[in-house]
Amino acid sequence: MNPPHIQATILIIIIPLMSSYAIPLLGWRWKRSAYFIALTAIGASLVCSLILLSTVLTQGTIHYHLGGWLPPWGIEYVIDPLNGFMGVVVCTISFLVTLSSKKSVEKELPEKKVRFYTIYLLLFTGLMGIVVTGDVFNLYVFLEIASLSAYALIAIGEDGAPLASFNYIIMGTIGACFYLLGVGYLYIVTGSLNMADLAKLLPPLYDSKVVLIALAFFLIGTAIKMGLFPLHVWLPDAYTYAPSAVSSFIAPLMTKVMAYILIRILFTVFKPSYVIEVVPVASILSWIAAVAIIAGSILALAQRDLKRMLAYSSVSQIGYIVLGIGLANKMGLIGAYLHILNHAFMKGCLFSVAGALMYRTGRRNIFQLHTIHRKMPFTMGALVIGALSMIGIPPTAGFFSKWYLILGSIEAQNWVFVAVILASSLLNALYFFRVIENVYFEVSQGGLKEEPAGDPVREVPLSMLAPIILLAAGILLLGLYNERIISGILVLALPRGF
Amino acid sequence: MDIVYSIRPLLAILVSLGAAALILASGRRPNLREAWTLLAAVAKFLIVLSMAPSILNGQVLEYTVLPLSPGISLQLRVDPFGLYFGLLASGLWIATSFYSIGYMRGLNEHAQTRYYFCFAVALSSTIGVAFAANLLTLFLFYELLTISTYPLVAHKETPEALAAGRKYLTYLLTSAVFILFSIAYTYQLAGSLDFVAGGFLKGQGSPETLRLLFVAFILGFGTKAALMPIHEWLPTAMIAPTPVSALLHAVAVVKAGVFSCLRVIDYVFGPSLLSDLDLWLVLGYFVSITIIGASLLALAQDNLKRRLAFSTISQLSYIVLGAALITPSALMGSVLHMAFHGFMKITLFFCAGAIFVKTGKENISQMNGIGRRMPLTMAAFAVGAFGMAGIPPVCGFLSKWYLCLGSMEAREAVFVLILLTSSLLNVAYFFPVVYNAFFKKEAGGAPPVREEVSWWMLAPILICALMSLILGLNPDAFIHFHQIAGMVAASIRGF
Amino acid sequence: MIVPYENVIIKTICRLLLPFLQIYAIYVLMHGHYSPGGGFQGGVMMGASFILLVIAYGLDDAQRRISVKALTIYACLGLFIYSGIGALALLMGGNYLDYGTLPLPLSSIPKIRAMGILGIEIGVFLGVMAIMIFIFLAIASYETGGKDD
Amino acid sequence: MIDSMMSKYNYWMYIILMMIGFYAMIGKKNLIKKLIGMNIFQTAIILYYISIGVKKGGTVPVLMEGLPRAADYVNPLPHVLMLTAIVVSVSTTGVALAVILLIYRRYKTLEEDEILKSIR
């Protein structure tokens, strides 16, 4: 019998899962309850994830056998420092973003609140499932739960949303199917689906072409799902047209969790030695990522729509994470892990700000934001902090992930990557300062000075503002305390041999 | 060297950050807001000053705030050089605060809350740069300084001001990229980033690598120090309000750049490594181009503030030159010149601002006879101009003297020649201003009326001018600039 | 919009077929833990029987028999039974879905396990059935749809 | 060569099917056709999985008297996995159909290029 803090492994999934069924049942009668149920469920998961993380850090890896079946036959949930960390990241961001979703959902989707939160919780369940599971097929199932909910959530957005969602369905299904094929190939040669078991069975088979093909399918599948550069085409539309509550939930988390899958596949299922030495997968990935960083930034530069700009910047930031993974040395991986955390906070903050702008002004064009800073000083302050962090100005979190990535690139003696990271921070500066300039400065001569019609713009309600401020404060604190996170958690989360 | 753990360096940084928060909170009540500014300025100076006795006794104050990255901490250390810069910046901030209030009220500027807020943050970062114990901490504050001064440069919000702001950011963020690279590389080479008097890079890496690293460092920090091919942001930034120009030139920004250059030259590379790598002479010639070139360009400017800007560019290179010539006297002169140039240049900028506030004139050709309208202001201007040219009773002479001495010690007389030429050029571009102001008749022919600016502005002008004189006569007056500079030189080059 | 197709043969055959379909669906459900079959397959058949009803008798008729509201409740109930049994195992001190710990008055653990999985299958059955019908109705009634409930 | 290809014909079949589906997803402009392509794509993978579980002479994996050896049964695990994959594929189709309806209601067409035209 397992003590309660081990049972948290499963509670972290079944609480949101059961709550998501409870929402339509209770929401039928009390529409308002949907939000509170969702918030409570995610809050409970947050508590569970914190318990898990502390347990992992003090007592070592947790193995949870679902249904009492022993691995490799039964499904096993494994919590090691890496996914303990990921769980906390996902839960924290989800909690904050959900907190802020109340008003914007009421405004944008007044009739669909109940269904919205049902699917929302399912998405959260899927993400958490991906994080905790130690079984490659179970991971596929959760991947699809998360993706299906995401398709649905994106489709309820405005104008181009259904088409964006359809494209995402097509691309996402290809990605998931490739992942499934990868699982199939591994299953042919090993007869196992358990990650730890696979890791044991695979090394003698490293010469096999089948294993190589499996790895290729895994990589393409996850690359599509996380929007790595040439395969990113679904991402900008989906993030732009989704309702603001959705884009501020999906943008920070979805792609990060997919990056987590990549890490798991490369460094847990396969051994680092395989992806570095036997096949140069890691270095191929890092080169693709380098292209992604630059291309994403340049594409972001061309946008006038704030949310679309942020979406393209996500494409470039995914590049950072993959670059760190591909460097496959200690500093690079630490940079990648840290950037998963940091970027989740930054994008959560920035998309929430974009949502707040939509909520109060309905404007997304960055050239129509003059004088907003007087009306919404706190929101815009958060925007500045988020933007500075994206650029990589020191005390903010974004600087430090860049710092470790640069150290990793130097360690790998790869000067091109150093140049890419540095150049991209300049490009980031270009497009983010364009926003800041438009928000804070009024061009005195012949600018857009007249107030738009409609209700006078003012600061967003507290339920939206508080999460934004917390996220912004989080960015600063993560930057200042990054060393604690690294030495406390991330060093333990590195794959063996680093 | 005793290391004393003390929280005072952190307090010195936080006091103006706290003030910044209070300024934001009391944006609607100008009097309260400005009271915070003044209070913070005085408090900061007193805190910095309170550290002086222990430093003069040979101690070093240290405070570790938190670890930033494995092996590197956000650490503050007050050594003589840091204290020196801290004293200079916080002392001049008081003057600038008073002057700002007069200037901003006099012109009834907009967005004053943002202005004071950014000012306070910029000062915090400057003190942070001064007290940083390692390169990463320095870089942290250095970037904060860039970001916090950007709204000040673009303050007027006209298209030109915005363009100037963009240019400012472009130059400084690009340079930050070089700095970041060099810091990361240094860390990879040496495994440490802590400043050590005399440098810590010796024996790490091949000479080619180190030369490359040095170039990257100088490209990075040199941008803020406005070395010649990468100086263009500074004259463009003159569009900003005059107190901001004063902040940029005398107190914070370019001084932080020069300070960081000196930190790199003397505390990262160290003189002996530089001479091993044969870099010092190259750097010396490189900045000599700036010294002469900027002076020549200054001659061509009609806008008074732009002329001052080019003068700053030229004078900053004196400081870097002093560090590049690896002799004790040169370093002494270089360190002294940091402070002296600060006092003189701030006087000159304050005067330019005062003229603008009172008469709206910005161009030198319009300033005939202005000395009869504003005799006190223009007298102060004259003192500053004399100092720039290195004429004895004013403090500029003293630092130049040391610099020339240093060039002699280094057996590179050509630099003496360059310094003297530049002095002559200084005379050439400053004296016409003074001459026209006092001895030419005003264009309209109307009888000149005495109309000085308000005492908020006039007092700082006069005090700074007076300080320039007093420091020239007794460089150890009040805050022991001379003695501290001596300690710096001794710690590095064994004076 | 699906309107009833006035053909007595189709209607009669449908009427004849329905009970057998549904009984077979329940058979498949109950045998799920011994042989191929189970909640999902049974649920699909059960759902298909209703879909047949809709095709033969038209949407209006079907909606009179089974409302969207009831379907939602069935679906949620089904999933609740599923996860509820899992959670019950958790409460009884086992791992999630560890049916062996369920408090059933049966002699041996394998028997308890068999009952446990049957409960799970029933939950799945209800859920799948409701959702199959739900998807069909939602898509079939799109012309009148667009409103939320 | 031919022999080895023929002996693994199940893989070829799945690859051909998958490519057909892939082509429809990428090449067709009509959204329904894309969706059908997606279904073919998923079915190909299901087929692949089922085929890897097959054994010559294997029987239904139900415990029976007289067949005590594991080698006598076909491998049931791929089937179980595919049951889940079918559920996923059904749900994906459901969501996709719903989205298509939404698109149709908004633009009154299902041709991708016409929709893109009406967005701009």
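By written order: A, B, C and D. Residues from 1 in each chain.
In this section, a contact is a pair of C-beta atoms (placed from the backbone, for glycine too) under 8 Å apart; a residue touches a chain by one contact, two chains touch by 3 or more.
Owing to the predicted nature of the structure, the values given are computational and were not obtained by experimental measurement.
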Using the touch rule from the top, work out which pair, A-B or A-C, shares more C-beta pairs. A-B
Take the average of all CA coordinates in chain B, do the same for chain C, and state the distance between these two points in whole angstrom. 78
Distance between the centres, which are taken as Cα means, of chain B and chain A, whole angstrom: 44
If you average the CA atoms of chain B and of chain D, how many Å lie between those two points? 70
Just the number, please: Cα centre separation of chain A and chain C in whole Å. 35
Residues of chain D whose C-beta touches two or more other chains: 98
By the touch definition up top, name every chain pair that qualifies. A-B, A-C, A-D, C-D
Touching chain A in the complex, chain B uses residues 66-70, 74, 114, 136, 139-141, 143-144, 147, 151, 154, 156-159, 162, 165-166, 169, 173-174, 177, 180-181, 184-185, 187-188
With touch defined as at the start, can you tell me which chain C residues reach chain D in the complex? 34-36, 40, 135, 138-139, 142, 145-146
Touching chain C in the complex: which residues of chain D? 60, 62, 83, 87, 94, 97-98, 101, 104-105
Which residues, counting only chain C, touch chain A once they are in their complex? 69, 72-73, 75-76, 79-80, 83-84, 86-87, 90, 93-100, 147-149
Which of the residues in chain A come into contact with chain B in the complex? 388, 391, 393-395, 399-400, 402-404, 406-407, 410-411, 418, 422-423, 425-426, 429, 433, 437, 440-445, 480-484, 486-487
